[in-house]
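Let me begin by presenting the structure, written as structure tokens, before commenting on it.
Note that the chains take the letters A, B, C, D, E and F in the order they are written out, and that residue 1 is the start of every chain.
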Amino acid sequence: MKQFVAVLKNGLSLENPLTVLMIGLCSTLAVSAKFEGSLFMGIAVIFVLVMSNVLISAVRKFTPDEVRIPIFIVIIAAFVTIVDLVLKGYFPSVYSFLGVWIPLIVVNCIVLGRAEAFAYHNGVMLSIADGIGMGLGYTLIIAGLGAFRELFGSGSLVFLGNTLVSFGPAYRGPNILLLFPGAFLLFGFIVAGSRALNRRLTARKEAM
Amino acid sequence: MRDNIYVRLGLPVLLVCIVSAAGLAMTYSFTKGPIEAQAREAEQKSLTACLPEAKTFEKIADASMLAKASTAAGDVTVDGLFRAVDGTGATVGAGLLVGSRGYGGPIRMAVGVDRNGKVVGVTIVSMNETPGLGSKVVDDKTFLPRFKGLASADEARKVDTITGATKSSRGVRKGVEAALAAFTAIGGVEGVSAK
Amino acid sequence: MSEATPAPVKIAPADMPPIAGARQVVAGPHIAGTVSGRRIMLLVVGALAPAALWSVVCLGMPAVIVYAACVLASVGTEFAWNAIARRPHTFMDGSALLTGILLAMCMPPMTPWWICMVGGVVAIALGKMMFGGLGFNLFNPALVGRAVALLSWLGVMGELKPYAGGWLVAVPDVAAVGKFDAISGATRLAVAAADRAAGGAYGFDLAAQYPALLLKNLAGSVGEVSAALLIAGGLFLILIKIVDWRIPLGYIGTVAALSWAVGSDPIFNVLAGGVVLGAFFMATDYVTSPITKKGRLVFGIGCGLFNAVTRFYGPMPETTTFAILFMNGLAPIIDRMFMPRPFGWVKPAKEAKADA
Amino acid sequence: MHVVTQLALLLIGAALVNNILLTRFIALCSFFGISDNMHTAIGMSLAVIFVMMLASTATWIAYYGMLVPLGVGEFLYIPAFILVIAALVQFVEMYLRKYSPALYRAMGIYLPLITTNCAVLAAATEAVKPGFFKMNMAYGFTLGENLIYTLGVAVGYGFALLCFTALRERLDIAPVPNVLKGTPMAFIAAALLSIGYIGLGSLFGL
Amino acid sequence: MAGGTFHGGIHPPDRKAATSGAQIERAPLPERLTVPMSQHLGAPCAPLVAKGDHVLRGQVIGDVDAMISAPVHAPAAGEVTGIVTALTPGGIRSVCVVIAVDAEQDRDAFVPVVPSRAGVDGVARAAGLVGLGGAAFPSAVKLAPSKHTPIDTVILNGCECEPYLTCDHRVMLEAPERVVAGARLIAEAVGAARTVIAVEDNKPDAVESLRAVAGDGVEVLSVRTRYPQGAEKQLIFAVTGRSVPGGKLPATVGCLVHNVQTAAALADAIETGLPLIERVVTVSGAVGRPGNYRVALGTPVSALLALAGGLTPAAARVIAGGPMTAQPLGDLDVPVVKGMSGIVALTAAEAAPIVDADQPCIRCGRCVEACPMLLHPYAIANYADRRMWDGCERFFALDCIECGCCSYVCPTNRPLLQLLRVGKAALMTKGVRR
Amino acid sequence: MDLTLILKAVAALSVLGVISVALLATAAQKFAIEVDPNIEAILDALPGANCGACGNPSCFAAAEAIAAGRAPATTCVAGGKSTAEAIAALLGESCEFIPVVSVRHCGGGTNARHAYEHGGLRSCAAVAKLAGGSIACSAGCFGLGDCVTACPFDAMSLDERGLPVIDLEKCTGCGICVKECPRGSGGLLALVDDQAAVAVRCASRESVKDRRGACSMCCIACRKCEKACPTGAMRMVDGLAVLDPKLCISCFACVEACPQDCIDVTGRAASAPAGTLDGLAGSYAGFSVDESAVAAATAQCAVEAPSAGTGEADA
């Protein structure tokens, strides 16, 4: 259990897929213009990550090394398609915003990366922990980025049609946050920030 | 047999493929209904918004009519022609789903035309315009109403565009022009109501 | 060997004149040229001064506010950054001043002061200091400032009213632009683009715009008031060898050639839309343009190509900012294409053959 | 429009206007991961061009040759495409390693990276399900168009990657503040580079 | 054709007026001479004398059996008072023979050289002749005829492109016949068809005086005044239009370059058997009595400065040679050596400002334009500053001739040349060849 | 439930799956080549710093060389003993690895006389070329830290005396500092046995008179250390004290004996586990030298190798 928690925590800070491992960047930057969309993206990734980690970890003993990639990827693709179909059928507004990015979860470097690096070598329980940890780490950043960009860029935060926060109609935020340079820029700062944080964490760990 | 590489590698892959495909096919059959319902509902909603008088919109599937409409619309795509029917079953006009082109990509919109061939309303179904700029075509509450009452493509062409969102507003305008042209091409209300 | 034979003389320490004080032990060369970095910056400021002053005269208070806000924010940010980072102060080297002035010159006259300030802060902080300060930035700081301000408040900047009225010269420059000016504050370039799109329906006479563009153009950014003064300043810089002629020539030449090719007026297209300011003063920024001569020509041509093509086939006519920033991004790879060949360099293959 | 003009526009649109890296945020992991070395960047660019052309041809054939006739394209295209891509990439890798060691050394080591390169799947998908790239093309591509389009995407990828790598070479020697050193600064540079691409937005109505 | 010039280069103020009119004056002998055993490129000599020995003027006091080396001779008669290790102007520590100069001596008497092998190069070797143009490369090596790389053009380097220096100029004015004689001897030795004496066009009087005695077969060519016109590769290009490939010797393009003073010294050695024990040194700048002095090797720089009226109070920096390439002197008691063409005292105002590498490069491109080797000095310096040696290699650091043009023009005064040297040294220790 | 749809889907994906496998399986057979699996394994065992200290351009190249037998298991100087052992185990060999660390043989810094104040570039390599170097000693340290910046393992720092201090815990003995130091070839920095307990802080080969004129900490060739050393580990070679680490037993008699404070404790101990001063004090006591010297040695050590000090706190 201790290990489970440790693996889970790892994804959140010291091995955060986005800020430390630098994978899964595409969707992070692309869909984070809106909080709602990025949250759903995060959930979708968690779902796919956990499910595929479980399955891959379960079948890892029967997977010939030469064809492991095709097998992993078909498993992942199946879960992604499920997400795709479900969102299309039940959350059309989210679907229309996420659009391309759902199929692209398949090639989201986090998913295949974790399959290769973790699930293929570890048991089911730990793989679940890894999936949740990595997924949460991803979601944390992407949703935070989404909230920031939407709030400060457009002046309000909308979730499923409800305005959560609003700066009022007179607010003229820096629109650039909603455009692609803004995404790169903010993410650069996030990486810098999380690095500084990590450095302090590591230092503390060493001191202990 | 076990040593055959084709079998050793092929079996696991085949198995995964079969299971995945079957699973997906099943999921698809489950979600097919909701997906189509969603799509239909969305269509109806945006059509109703631009032609509130109508209760239902019936899709016109006549290939020759669609072809005529497409030709008349030019660059703009005609994604759907609908017969607008009120509670009594009478044709009150037509709804057109068209796809035009803005600054950031396609702009899909619904145009409602009444019995007299006049635009009743225009709604944007989806677009990818820059927030704060191109999005003015929706945010600027005076823009879409400018098309109300126009009866021909020529009239529509005179609608003023929005400064700073020229390309987007011109895109919307082109969509309306095309919708009107298509409506004329298929023979106006008569054409639409002819079953 | 027939010199006189002096008696052997011994120099006693007491006879020795002073040999003291010489304590500098520094590597050579021991003499240096007289051009200093600061002087270069101030000369560029000087070359800009006539155009800047004239714009203040023509535009009055709003221009003063824009200049003041931009320069203050630029120099202040550089000062603050170094103070916080505990690095030696560099705000006196003139480059922040230059950035401020150039930023002001590419802002519309009615830009609110706070947007100018944000532009200045972004220009220096994001555009320069984060990269390590003078000499290390990859993109033109002033244009980074302007681009960020523009993209952030496109709405605000797009809705600015044109300014009519100055201090010395009372007659506003409206007549030439016609009714368009009154409606939207459109620049001549925008009107020309609309006219082109409408197949010449507005009858906008490009050649008739030359005098206004050269001397007193109020529909445009602060720095665009007088193209003539900018050209004079630019030629001055070329003459005193501060600016390499290749960039302005490549830039302006390409814009003119492409305008001619698409059937528009080349001179009008060069004078309008900040091309002159960009070609002489912004594309030529040492730090963000290629360092090789060939590279500079390619860079200039690239700027012109981008500017003209987007002007004629893009959604908005004013793309000088983007053209230069885009090419800034290409500058290192352009330099890499023209790697040095040392004097006496022999193609390795040939040499091998010769040796064999 | 003349067909050649149309294809040229398709190419420019895919390569520059809708640059996959800087305006569409696709394939970013490799963009940031590999741009710290010019040699690697060149190898990767070539490998991407080659593999993408191959893969999108294969997926196009699989889609129109099998999935559509069977009526399962709607929900099976993701696993089908990715399976084809993965197998193809691995095959090419093995082939090169055997028959062209020089080429393998030049680009072989990047091939595994390409499997998970979003660009390949994205381009393959765009070809059969238009709209993903926000390209104003409202129809599915023919095989020829598909090839041109894919070439554009791949060349656009390589072009941006090489520019960015050269930029980062200069960042290497810049006294960037410590917190920003390395990746954070790379993102900031990418942000500013992408501003340049904004100027190309909607060029030629693409 | 060459057009008498080369790519790049600079025009520093020449500041030669103070000494260009000053006749060469023979410096008195100091009490003590410190004669380094390593005054040349190549193997250092071993002392052949011991403490207490009495030596005669011109007697060999150091030699070594190595191909690239040159023997050292006693510059004056006296007693050896010690063999010590001392600093030389080049900054290296060398074994030195210290000679207490006899109070009474005939300054013109000398022990003539005894060549151990025939030919001009044999005499050059025996006379301890090295290049007097600065590099102090043993002349015998260059003069030895070679079958592999025949020489068709001998160029005498009378450019003296460095500011302040006028010693070559004075030699060309005062002893043109010896220069020409040397030129003939060199051409004969290597079998060259063409002999050119190249003089910068700011010294028309030198051209005149050389032409007056040149006679047939020796061309006196006036070349453009531009630093570094005197640098070997640049001069060869200016005179013949040939480019010496990187890392190759001038002989690959059939050329041989010697300084005019070297030629004059060679003529002396051949005609009278005089070894290289004196040379003309320009003392200029912030000194009381600037001039050109014929100095016995081993004379302390401080004594020479004293002779020249001492340093003025404004003098802030003393350097050994022309201001572009000279080493600074940290210690004024170092001896005059064969390769030293001048002592220049600079005031703080004249001297280049002292800056650290934290002055950024603003990428103005001036250094690229100035570099006569067509390099990218800013890039090499940036990489050297960050200790990224492969960057230095990629930009051909080893092709740099250390002329200093880049540092001279740099508006932010980056220590480019110093960084380049660091980069080159690192590459050489890594074993990188150009 | 639409059975035909399921069948069609299964058929479609299976066909693709089969084609893919066929392709790969054929490739696996036809294109099979012999790759040495060891390369990967060795690469994993290497530190991956690509420091180049071993003479190979990268860790990968080193791995290739080791796998091919062109280089020994001990190739990686930076990885040290553990790496060498791991690689030897992979290759099925045993290995003899003598770990080395870098030690500074100069105690000059503020004790040394400066010949002049140099200007310009603050780099040892540059100053070494300026008029014979900025300090009067011809072997001493300029204190501008070229070695500190060059060390790829962050093991060096400049102290307040203007001398580089080497953290022996971090130093891998890669020798890069020795190569980068302009006076490394003169013995200013040198790789020595990791177990060397003391170091002579002088590398000058000048005459004692010149040395004294140049530095107040120099070795004056008084031979006191030589006499004090019970095992003959400290010997006078050409007028300079030199340690033979193999003979050193960490008694610190030489440290005590040196009138110039020129012999220093490194923080290592010959017979004790590396990095612990406790063990060191024990062997020290065995040679019956008084307590204050231990204290002095400990204090010096704290200056010399801070991390060894913290290591002690840990233990």
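Brief remarks follow.
Basically, a residue touches a chain if its C-beta (ideal position, glycine included) is under 8 Å from a C-beta of that chain, and two chains touch if they have at least 3 such contacts.
Just so it is clear, the model here is predicted, and its values are computed rather than measured.
Shared contact partners of chain B and chain D, listed by label: A, C, F.
Across the two interfaces under comparison, C-F and A-B, the one joined by more C-beta contacts turns out to be A-B.
Ranking every chain by how far its Cα centroid lies from the centroid of chain F, the top place goes to B. Centres computed as Cα averages put chain D at a distance of 45 Å from chain F. With centres taken as mean Cα positions, chain E sits 68 Å from chain A. Touching two or more other chains at once are residues 327-330, 354, 415, 418, 421 of chain E. Among all residues of chain C, those that touch two or more other chains are 23-27, 126, 132-133, 136, 148, 151, 154-155, 315.
Within chain A, residues 66-67, 70, 74, 77-78, 81, 85, 175, 179, 181, 185 each touch two or more of the remaining chains. Chains that are in contact with each other form these pairs: A-B, A-C, A-D, A-F, B-C, B-D, B-F, C-D, C-E, C-F, D-E, D-F, E-F.
Those residues of chain F that touch chain C in the complex are listed here as 116-121, 126, 129-131, 134.
Taken together, the chain F residues at the contact with chain A in this complex read 13, 17, 20-21, 24-25, 28. For chain F in complex with chain D, the touching residues are 5, 8-9, 11-13, 15-17, 19-21, 23-24, 27-28, 30-33.
In the complex of the two chains, the chain A residues touching chain F come out as 66-67, 70, 74.
Those residues of chain D that touch chain C in the complex are listed here as 38, 162-167, 169-171, 173-177, 180, 185, 188-189, 192-193, 195-204.
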